[in-house]
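Please go over the structures that come below.
Shared between the two complexes below is chain A, which has chain B as its partner in the first and chain C in the second.
So, the complex of A and B:
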């Protein structure tokens, strides 16, 4: 019962912040509302007893990515910070709302019509232990994940170098 | 325990709010923020499927973890590109880079 109440609170926070995030005209406020959405999603992971995932969400998304957005906004968006409002055409907004509604209805009907949904009561409320996660992350057996782990480290290195190369100011050629 | 349908409906709503923002906004950073909303919706679905329908297995868990890392890298590169675009065009609206050259 407590879980359901917490889920309701988090759902209200997530959906309200998400709507404000896409509806607000100012880019800085959109970044702030994104931060609230990310906190709410981390709370959902804690409800699901994936505490490691919640902690990773907090430190990577809320701590890292949001900071990066705020720096980018401060670097790029001089005029927006001084109160430039973004123009959204009414016709475009209406069309987008219709497409969005149609997609949402389709997805929801497909998900709820399925019959595989009723194992939920069997789950015990216990945390997934860090031991299990760590062994699965660096083991090389079946259902263990050392290869994607190494791949993602190489991928992050490539993205760091790529980001530096793209954003670097080039010297003028004479 | 929260029924799994609640997670489905929540993540579908979050996904399509993100799609709506991606379609309507014309600012590059605002579009990137909408993409983050979409990615978070997908992550919720992975975690909820894994936890509530297949407890004891970890595919969804690690998919969520790796997708977090990939999205961090993706947004870093995208922000580098946006800063470069702003430097060359002195604007961060989508319409200003229609030609993809300067």
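So, the complex of A and C:
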């Protein structure tokens, strides 16, 4: 009962903010509404009692990614952002509608075929312990993820080095 | 030791059995009650901290501080709050009004959110998640967005530049804070706030004694980084009225400014509270291994220990604030990225080695 009410509130927040994020004309407002969408999604994880993912969502998306967007908006020249108008073309609208429909159908078919909803109702709400998550992340047994974990860390290191290289190049040109 | 969960269990039974309310209504009533208590505690502590700041500052500068309103000036803060409440709230021309009003709430949400993680007593933690410490850092990072939006929505170039400065500072020092907390988590083996405190009950079990060298380094770095995170002390660039036209909250008046002011003082308390919880044992009393002494110390309730230790740390941070001169932004960033963060990383490795070989007490 309480779960359904909370889900309803969060759904309204997520959908409302998502629509506002796309519909607003000011880019900073769009970033703020995106932040509210991400908060709402974090709230969904908390309803599911998956607190680790909720905390990660808050700290990475709300604290990190949104901040990066805001900094990027700051660094872009204000005039390039002002009075930016995009006309909706018929062919593009049809293409977008087709892609959306395909995505919606895929999600629906996967949901119905795997009976995710029914299974999700059967599983009791239990918080996954931090130890289990930690061991799964760095363990090498079945259903443990040390290889992807290492790949992602190498990838991130490459991104950091790349960022530094790009940033330094401009300085030398001066 | 007094266990506060007796009270909460009694209250839960009162609602469910004596009054015969269902699950939904009893949980709703409890949630509202806890929320009201949190906000009341927040407001009362803010008043105490502002008064303490004014007096401590005054004595450091060989003044008396507020003396006129009430005996020893104790009603000064109430007068300030009243002034703040009846001030006119106005907006800047061509500013983004929506963001202007949203920004202070983001800051205050982050502040109240981290405030509710503090363990007040044995069995009196409000938010006690399995991922405790991680969630705490996640919630505190919301405040950065609020600070930035405030600067942007003020339609004032000084505010925007200052907000950038503030945001960069907060993002940088979050790194050290997180690493210090991870160092403590390695030693206790749990991220849950109540678990961290329970691991420190007993003679000489506070983490700062248990983890000796790396724990002391982590505690000191945590205090420095926490001071920066609360925008205080030598890192109070946003408060530099004369040099930098105050900062991101220059264009705010009335309660808009009041929220930033409140959040600043409560962040000071929250940082001290977390330092107390993680390194100084939270509500755990001083135990030295002599039975009689420990018995007497255990009679003192946990909330007294917690508040006592936290206010001692607060006093330490105020001492730092009124002693050191203000740093420039490049010095602040240099301190973090070139000294504190590498130190934290080395410290992390050191702590891991000590825990792996069992060299702690």
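In the analysis below, the second predicted complex is superposed on the first by the 127 of 174 C-alpha atoms of A that agree within 3 Å, B and C clash if a C-alpha of one lies under 4 Å from a C-alpha of the other, contacts with A are read in each partner's own complex, and residues count from 1 in each chain.
One rule holds in what follows: a residue touches a chain if its C-beta (ideal position, glycine included) is under 8 Å from a C-beta of that chain, and two chains touch if they have at least 3 such contacts.
Computed from a prediction, not measured in an experiment: that's the story for all the values here.
Once the two complexes are laid over each other on the shared chain, residue contacts for A:47 go to chain B alone; chain C is not touched. Shared-chain residue A:147: touches no atom of chain B or chain C. When the shared chain is aligned, chain B and chain C each come close enough to touch A:64. Comparing chain B with chain C, more residues of chain A are touched by B. Contacts of A:27 after superposition: chain B is touched, whereas chain C is not reached.
When the two complexes are laid over each other on chain A, chain A has residues 56, 64, 128 in contact with both chain B and chain C.
Residues 23-24, 27-28, 96, 98-99, 102, 129-131, 134-135, 137-139, 141-142, 144-145, 148-149, 152-153, 160, 164, 167, 171, 174, 190-192 of chain C touch chain A in their complex. Within the complex formed with chain C, the residues of chain A that make contact are 1-2, 26, 28-29, 32, 35, 51-52, 54-56, 58-59, 62-64, 66-67, 70-71, 74, 127-130.
The touching residues of chain A, counted against chain B in their complex, run 3-4, 7, 11, 14-15, 18-19, 21-22, 27, 30-31, 34, 37-38, 41, 44-45, 47-50, 53, 56-57, 60-61, 64-65, 68-69, 72-73, 75-77, 80, 86-88, 92-93, 95-97, 99-101, 103-104, 107-108, 111-112, 116-117, 119-125, 128, 132-133, 136-137, 143, 145, 148, 152, 155-156, 159-160, 162-164, 166-167, 169. Considering their complex, residues 1-10, 12-21, 23-27, 29-30, 32-34, 36-37, 40, 43-44, 47-48, 51-53, 55, 57-59, 61-62, 64-66, 68-77, 79-84, 86-87, 92 of chain B touch chain A.
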